[in-house]
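Right, one structure below, let's go through it.
Labels run A, B, C and D following the written order; every chain starts at residue 1.
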Amino acid sequence: MSDYGKAFALWREGSATPWRDYTRHAFVEGLRDGSLPREAFLHYLRQDYVFLIHFSRAWALAAVKSDNLDEMKAAAATVNALVNHEMQLHVETCAAEGITEADLQATPEAAANLAYTRYVLEAGFSGDFLDLMAALAPCVLGYGEIGARLGKEATSQTYKGWIDTYAGDDYQEVCRDVGALIDAALVRRLGEDYTQTPRWSALSKHFDTATRLEVSFWDMGLTP
Amino acid sequence: MSDYGKAFALWREGSATPWRDYTRHAFVEGLRDGSLPREAFLHYLRQDYVFLIHFSRAWALAAVKSDNLDEMKAAAATVNALVNHEMQLHVETCAAEGITEADLQATPEAAANLAYTRYVLEAGFSGDFLDLMAALAPCVLGYGEIGARLGKEATSQTYKGWIDTYAGDDYQEVCRDVGALIDAALVRRLGEDYTQTPRWSALSKHFDTATRLEVSFWDMGLTP
Amino acid sequence: MSDYGKAFALWREGSATPWRDYTRHAFVEGLRDGSLPREAFLHYLRQDYVFLIHFSRAWALAAVKSDNLDEMKAAAATVNALVNHEMQLHVETCAAEGITEADLQATPEAAANLAYTRYVLEAGFSGDFLDLMAALAPCVLGYGEIGARLGKEATSQTYKGWIDTYAGDDYQEVCRDVGALIDAALVRRLGEDYTQTPRWSALSKHFDTATRLEVSFWDMGLTP
Amino acid sequence: MSDYGKAFALWREGSATPWRDYTRHAFVEGLRDGSLPREAFLHYLRQDYVFLIHFSRAWALAAVKSDNLDEMKAAAATVNALVNHEMQLHVETCAAEGITEADLQATPEAAANLAYTRYVLEAGFSGDFLDLMAALAPCVLGYGEIGARLGKEATSQTYKGWIDTYAGDDYQEVCRDVGALIDAALVRRLGEDYTQTPRWSALSKHFDTATRLEVSFWDMGLTP
């Protein structure tokens, strides 16, 4: 098990079935053994470009909702990394497949994509920093867990580039940092016994819903 | 054609196919001729209860985003009507079918339901009053148009209660008021030639997306 | 001491000095003994009209940020009462003084007025329902406390109309309801021991800051 | 005259008096000729630290409210520069004066400071990207104009460090970029004739109010 902090471990345990559906999804297994059709992967990449735009907006909202400089620095650095680096990587990967940046920008947003990002953003707008973190966690940390596992278990080179990105030290460090950010934010607002407050179950619900929306995102990826 | 103002007429024309898919959906036709399975109708009512909670929140957001007292009064009256009256009607209709308020509150939110309301709320949070109005319009005015048509074309008494609500003078007046509110808000912010501004196409996109999400909502209604 | 619930009692105790500066302000004493210059009172009424617009928007935001139907109903009813009744009362009081509604709408917003309402709204947008309630409480409940006291201690009839409004049963009931809404919202999110969570001090800070902004508002009222 | 684009030139012209009050304020003249008391400068620096936290949050909100990748990149880079660089510079300048980072974090927020940042943030939350830009412009671009002038007209070395920061090529480039960002955002949303839409006067009002709040901020700086 990846160690991305205490809250994540508890949330994952509390959403065991959807978490497994997400992290062991047929799409993921197809990345692992190379059986994922190229067409599905490219469809996923296009949708993920649109996803990353809204996901970056959600991390920017985390900076808005921070209540101390450490949280702001972490959120600002994440936005910058997403917008000025990860999206660039995406553009380059797609370019190598003959998909231009103009194609990416013209991608019609799939229903499962829209549902997921708007859920996360709305949770953040309507709630506070913690609501947003709970809704953001499954994507960031789930990709970390998937990447770490496939880094060890992959039986094919076909999707090595994708796997290396998320299995790599850089991304794994991001996951540990985000896990630590979440743990500190919980204690800072709700105290050491945060799991004893009613807020904890509301936050766990956000984590659970976002995890289910990840499952739908993979489902969508399989049906170009 | 129902006359709910100029902007609505243009938006509807610009989204002719999804608008038809929405307002002539099999679910709607089943209400008209009474062929809609009871189970589907009750499933829809349960989901609509959850929908109305978030829809009311979106109208409350319209009051927040108003920039004059007339808009605030209109939005505040709508929220009050939704929360303190329409939801009550819902509760009573459901009670007559043996569905308690506790059942309603415990309804798990369907994916198509969540996608729609979060889209509308997020459009409002991220944009201004006009973005929110464009995303709210298909629900309010589409139900008006459906109600008005079924009021004339229904061939069955089975769903007479539902039809009468939306065909009735009260609801039709709400639709004319909302249409007028939107027209005035557009002129007030963008000028008489508002369709010539780039904003108009962004607003039309919100209307179009929300209309497509209405289609998915009916689809969901048909599959309890 | 007015009994508007547990959280209010604790907040007031924790901000004893600014609370006294607010509720025993020279402006308030001038209302009590009739010594407040008419010019100052009319200046205050004009600014309060602008204040109420933004204050109503803040209560609408509370409806958006509610997480259950009871909170929504309370917030929606408050917005409706403010926008469709209290503001009307304001307009009528001002009309009796020769100030037209057009005058009211043209009132340039004083700096102390702007500072207060934007603080409250921003606390609500950036935080959750509790942050908003803590920032809204000093105005709603302070006017209740001032009204109740002046209802007993007034030595002049000059500002009887104003005093009767806030001393009256209707307004006192609103205060008890808002106090109960806040107490329930705290328990619902943070548990019975909510004062033991770090959130409590952040909320108390909002209450304290908003109380200080009320003092500045009275100061502004005295300097037309 | 600094050339930071078309919209800025029009806004500045439309708010000529407050703009002059802001950019030729006694505080500014004291920086120019070295007559500003050290105590006032340090008071200003402390408050500016608190200001920059909320100002960074407002730029993060601009990333949230962007509707294309270019706007997001610009906003994200600005947040990152503010949070991870400009604030660091601040900390170092203060440290050289014996003010620790802990002192900075413990600074009680002055009323004029709070009024300004909450106004900007609320304008952004309630409105769209343009509302936020109009409210952010006076600070960013006014400091550019002040810096550029003092770079030429300073008659003392006392505040050379401060002046060099804002007169320097890096900051001047930021100003030209922000001016271009605003011009492009206006055309993108309202069309080439954006000054002919009613929105333009609402945006000009934001610029005007924020400029007046800058004047109050300098006033506050002069009274430690």
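Annotations
In this section, contacts are C-beta pairs under 8 Å (C-beta built on N, C-alpha and C of every residue); 3 or more make two chains touch, one makes a residue touch a chain.
Computed from a predicted structure; not experimentally measured.
Common partners of chain B and chain D, by the touch rule above, are A, C. For the touching copies chain A and chain B, the fraction of interface residue numbers used by both exceeds half; the interface is of the same-residue type. Measuring from the averaged C-alpha position of chain B to that of chain C gives a distance of 34 Å. In terms of their C-alpha centroids, the spacing between chain C and chain D amounts to 32 Å. Remark: chain A and chain C have CA centroids separated by 42 Å (rounded to whole angstrom).
Of all residues in chain D, those touching 2 or more other chains are 57, 64, 121, 125-126, listed in ascending order. Those residues of chain C that touch chain B in the complex are listed here as 53, 56-58, 60-61, 63-64, 66, 69, 72-73, 75-77, 79-80, 83-84, 87, 105, 121.
On chain A, the positions that touch chain C within their shared complex are 64-65, 67, 125-128, 131, 187-191, 196-199, 202. By the touch criterion stated above, chain C contacts chain D in their complex at residues 57, 111, 114-115, 118-119, 121-122, 125-126, 209, 212, 216.
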